[in-house]
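Here subunit A shows up in two complexes: once beside subunit B, once beside subunit C.
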Partner chain A sequence: MNEQSNIAASTREPVAFNAALAEPFNVLIVGVGGQGVIMVSKVLASLAQAHGFEVKQSEVHGMAKRGGTVFSHVRFGPKVWSPTIAKGEADVLIALEWAEGLRWLPHLRRDTGVFICDTKRIVPPFACRSRRPGAPMRYSTETAEQVSAYVSEAYAIDATRMAEELGNDRAANVVLLGALSTVLEFSLPEWERTVTSFVPKKTIAVNTAAFELGRNWIAEAKTAPPSDMPARSAPTQTNYTPRLEITDAWCKSCEICVKLCPEHCLELDADRIAKLVAPEKCTGCRLCEWLCPDFAIRVHLDAEQPALEAAR
Partner chain B sequence: MFREAPHFDVRDYLRKEMMPHFLCPGCGHGMALRALLWALHELKIDRDKLAVVSGIGCAGRLSAYIDANTFHTTHGRPLAYATGLALARPDLHVVVITGDGDCLAIGGNHLIHACRRNLKLTCLMLNNEIYGMTGGQVSPTTSETRLTTTTPHGNTEPNFDACALAIAAGAGFVGREVTRHVPKMKELIKHGLQHPGFAFIEVLSDCTEVYGRKNDMGSSSEMVMRQKSEMRPSAYRDSVDEPFRSTDLPTGVLARNARPEYGAALRAAAAARAAK
Partner chain C sequence: MHTPWQAATAPLREPKELRPLTGNEAIARAAWEAGVRVAAAYPGTPSTEILENLATYPVEDLHAQWSTNEKVALDVAIGASFAGSRSLCAMKHVGLNVAADAFMTLTYIGVNGGLVLVVCDDPGIHSSQNEQDSRYYAKLATIPVLEPSDAQEAYEFTKLAYEISEQFDTPVMVRSTTRLSHTRSTVSVGERCEVPARVFLEQPSKNVMIPAHARGRHVAVLQREDKLKDYLATAAITSWENGDSSFGIITAGTCYPYVREVLPNATVLKLGASWPLPETLLRDFCASVERVFVVEELEPIIEKEIASLGIKVEGKRFFPRAGEFSPEVVRAGFVQAGLLPAPPSLNAWVPEPVVRPPVLCAGCPHTSSYMAVRASGARVAGDIGCYTLAVLDPLRGIDTCVAMGSSIGNAVGMAKAGETKPIVATIGDSTFLHAGIPALIDAVYNQADIAVLLLDNHITAMTGGQEHPGTGKTLRGEPAPRVDYEALIRACGVQWVRTIDSYDLAGTHQALREAIAYRGVAVLISNRPCVLDPIKIKGPPLEVKTSECTACQSCMNLGCPALTWSDEWFEGRHRVKIDPALCIGCTLCAQVCTIDCIKIATPAVTS
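Showing the complex of A and B:
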């Protein structure tokens, strides 16, 4: 999937609003547990509040600790009644995870909504059909191009990668806040003050840098046509074939590997030496390597050449 | 997505000409050795700056398989040798490998005084509740009712909680782990190696051939599986499982304090005297 840049950029000015904003402004923030969805919504809520708006925020983080879905509705304006955003009424949808972003797209306004999505993919356990690395999964297969047909303005940004490059992947949510800052008309000092007050003191520097990265990335995406965008390659998935190297002379037939392999793919052969009998079931989890008291098993994860590179 | 650095290969740290090692099939000491070598590898400890000192026993034998500076000493005394070595060569990482018999029976005094002094050393005690090497005599950690060659009607002596003993004697760092959790064992040993004082780590290991056989504990794999039982971390304590150890032992980091390190204190006192 090639999605290094803006999907459908616009040269539109930031969404204009002031104290006279007639209808509440709706921002929906989504992601999975541990990514910092709630922090983003708190920053936004306190910013809007400091600006004199009435703010309502509601969130669900039920299975958050297990990597489950987390979302937060933030609505602000002169008067806000409902704490939740109805389908098709979000002005901005911020997604910290790719599939979560797609899941919530129907909530975005078709005509004017802005979609900002991290390209980060976190595959939920139930999307895995097999524990084998590289096995096909039930994870969204939509491409950025397909998504662009559904939205008026959208950005697929490698926020997590950018934060990793800054040395702290936890700052990915602040990269997205930087991106969000270009669509909302709060002043830059207001943004910076609020963001700083919400991050741990030791991480202020990295978060300030993250915020600027996100902000500049959108500015760049708006001016440069997509083809000229610096190519940030999409996260790739490499297929691995686990291979077991067994030193027969060291194996003492204790059978720990045979009995403890979660996939039951080892057996003792006629000479009572451990053998991989079901290589197709091996996931390369290394449990046999770690538990072998005789150091007789070594797991290799041989990378399969991606078809594209092999063709080159 | 699969992003992984080349995985640690334990064979890089072994004296391959000594392999296969002499441990019985399924002996837990092999897993403990892997965890130690893995921890040393991850901390990038230079092998020329590493000294492994061990006593006598199946546990004590492990130093022979490590491709580094190793010192196979006398029964119960590895801490005494290691103390001298660490004082003379503060530039070295000194690691002691010892067994429950080596460390708590004949070497018990050395342990409490090592804890008291808090000299920078890492002591890895492999507790299999038995004198494995000599054929299965009762040890200070043998659980009550267990059969050994010296307790043919079941052990009646109460046993030591080695970690509680080390904490009481003042060790700077104390932790415990089971061999089944190799990566956790590695992490615990890493914490111990980085501690700037005396680090005592107890590994609950299985003597499969002697203790396991005598007490009818099943195959090696069954013994490993049973580790989930009573000696597992408190989080797993409620799950139904067959008990193995007779005491409910917590695992993980059990104590960590900032008592002054003995070697530095001794050198400072010597320097002050020299300056007079």
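Showing the complex of A and C:
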């Protein structure tokens, strides 16, 4: 599936900051723990420092290893005070994951900001929590049009897939560095030298290829007409009312259903027989039916779609 | 012209070479250069990297160690100071609560070899249980607290702290924050200077705090504070920067760059130390401008002190007392004070938020422990560690969490107060060694009816995988004796002790049921290593036979990040799938699968 697109192409030249950079240049790099956000920011900071700029690189990574959101602020210029970038003042936003890119979009300058985002979707477990039938995945639903209306220049690039095709999906961040290299006016040899100094020796070849891939992709996107990301299939909404049929005579009070019901909607009654005490919480997931060793519970999904139930 | 980055510890190629260092790396570098011989800490975000960095300097230069807790770490540093060496103790803000007992008497004793306490606060509570302001501790102990504003100052102030410590016979606190500790900027570094070792001073009136000695030392401490005030009034770390004279700003530490960011031309008094405060200088500065603002993160310590001098000063009226500062927060304060025009509205488009809290890793051994805990229906006293994340959906297995080691004491209290549910305390291995053992002895001694689940994952995981006395390795990775938990727990008087493997879900359920049924203190040890540290574990991934999946969501109740919804549906619910790159093959999902459709993936899938 090819999802990449230059949401709003531009033909402008790389930012020329060598002579004229009076204010700090702000790059925000975001993603999910383990994707290589910090590596991207180190490469950029190292380049800017070698150029003689003052550099501040700030990140909060206490929870990064555990799949949380990770972000790194890189600011460089003749003089940099604050280590963090104020909302609406990032010149470039590099996102290694789609929803993270959207989360930080308000940090980008609306008039001149450049948005470079991997289309990689990392769906957090929280997005798949609802056990109710027809529940949608709680993941970003924003369309490319909404993004393109918000920013002046944006690229959605399939960096992870491109890296996978090179044989190493961990090089996705270097694909994005290649894309970033078209925005900032450091020379190509400088970029390549710096990137290779931050990757393991045996992956230099694949990372160099990844860098070129990202760089060339942007160059092509700038001349190609804008395309759009394909729409995703929406979940079909279904409505059931779950109903439990408990055969009291077969229940032996083992409490397995009570203990393992994820909604805690079952209890043993005074006769120690399982009873549905909170029917409003029951999602009809059938876990109790599957787990009951005595077949004492049947879950019926009384429904606006009886065909499904009949088909079982 | 391009030179690759140098590690903090690499040999210098030129004097005063510029190195990109985080605040923590700069502090470690400065301590090494200052001739520190002994450094000790217990890991705690955001301070952890200070000791990790110190351990990369030559072993013949200094001894760096993980201690079992912050109080022990400070006592080790005090011991080294007694013996005449420069020493360092690093901790996060709440660590100082643990070390406070030794800390409050250390101030009376003073130092022989210079002693610096690095305390890293966490404004904004990125990874902590509160956002207390450690500067109050410096005020309470009547010692100086230096507040660097960037990595260069973190380096310079730490070196200076040793000089102040020895010159004024005082421990010195260097206060960092998460933002400073984890921001990288260039630092001009130097070489290590070997400080001549002092000899132990046989001076009981100063080193042995009995009441008769302490009374005299308290007076000495107060006199020391007066001398420090004079010193700080003219010290190079205090700077008066003239600009627009209609108003002046007094600030310190990481607030200074924010002030400069939003008001580049303001008149600023930048205090290098936020305690003790030089009164005359403050009076002079305030008299030179029409309006005075104090910009300080968290508590109004400087502001209150200036107000107590009878000077009209503004601060917390405009700048919040809670949360981390940023250029936005400081700008908003000055806008409200009428000194800056309101910024144009951003007309921000707010995308639909995606909730992405940190989660337990795929294959985390805590997952199954909390599946068992949750099914037990017990009241659960939690503790500090990765497993605190089990409070969130779907595990929802923790009812309380206070501080390091609190779980067992909290459980005793609940049991004695007549809580009707069975009571389980859950505590990690590193946390148990830190502050859990006295509480366990308390539980046995007071015959509480509780079950303790000791979650031994063989590492201090939450802070990024640090060694501790139960791992068999030191901070530098050398072999070390290893705590035998069963023997230790039995020696505390616990009769019911059993070790299980939490990857055996049914066995864990059963063992926990028995532990809860036991009248008295029962300790169940889950013995299963962390999947990230010290070795990243990756077994063959599992896969879902999608056509068989009944979408019951039983496996989704683990909250495993490798499990997600597929695009296929069954009875209106998503069938699940497994991300082979994330799955480590722990088999927990296969164990809970109601129709047994999760199997080892076919060999074609590798990563």
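The rule is short, and it goes like this: the second predicted complex is superposed on the first by the 215 of 312 C-alpha atoms of A that agree within 3 Å, B and C clash if a C-alpha of one lies under 4 Å from a C-alpha of the other, contacts with A are read in each partner's own complex, and residues count from 1 in each chain.
The rule is short, and it goes like this: a residue touches a chain if its C-beta (ideal position, glycine included) is under 8 Å from a C-beta of that chain, and two chains touch if they have at least 3 such contacts.
Every value quoted in this text rests on a predicted model; they were computed, and no experiment measured them.
Residue contacts after overlaying the shared chain place A:250 against subunit B, while subunit C stays out of touching range. In the superposition on chain A, contact of A:102 is made with subunit C only, not with subunit B.
Of the two partner chains placed around the shared chain by superposition, subunit B and subunit C are both touched by A:240.
In the superposed model, A:260 makes contact with both subunit B and subunit C. Touch criterion met: A:286 reaches subunit B and subunit C at once.
Of the two partner chains, neither subunit B nor subunit C is touched by A:21. Contact with subunit B, but none with subunit C, is seen for A:298 once the two complexes are overlaid on the shared chain. Looking at the shared chain after the overlay, A:277 reaches neither subunit B nor subunit C.
When both complexes are overlaid on chain A, the residue A:204 reaches neither subunit B nor subunit C. Counting the residues of subunit A touched by each of subunit B and subunit C gives the higher count for C. When the two complexes are laid over each other on chain A, subunit A has residues 133-134, 235-236, 238, 240, 259-260, 286, 290-291, 301 in contact with both subunit B and subunit C.
Those residues of subunit B whose C-beta lies close enough to touch subunit A in the complex are 1-2, 4, 7, 9-11, 14, 19-21, 23-31, 34, 180, 182-183, 208, 219-222, 224-225. By the touch rule above, subunit A contacts subunit B in their complex via residues 121, 133-134, 235-238, 240, 249-250, 252-256, 258-260, 286, 290-296, 298-299, 301. Subunit A makes touch with subunit C in their complex at residues 32-33, 42, 45-47, 49-50, 54-63, 65-69, 80-84, 86-88, 99-100, 102-103, 105-106, 110, 123-129, 131, 133-135, 137-142, 146, 149-150, 169, 190, 193-194, 197, 233, 235-236, 238, 240, 259-260, 262, 285-287, 290-291, 301, 305, 308. Subunit C meets subunit A in the complex at residues 1-5, 18, 20, 45-46, 126-127, 150, 178-179, 182-186, 257-258, 260-261, 264, 326-328, 331, 346-361, 375-377, 386, 389, 393-394, 464, 532, 550, 552-554, 556-557, 559-561, 563-565, 567, 569, 571-574, 581, 594-595.
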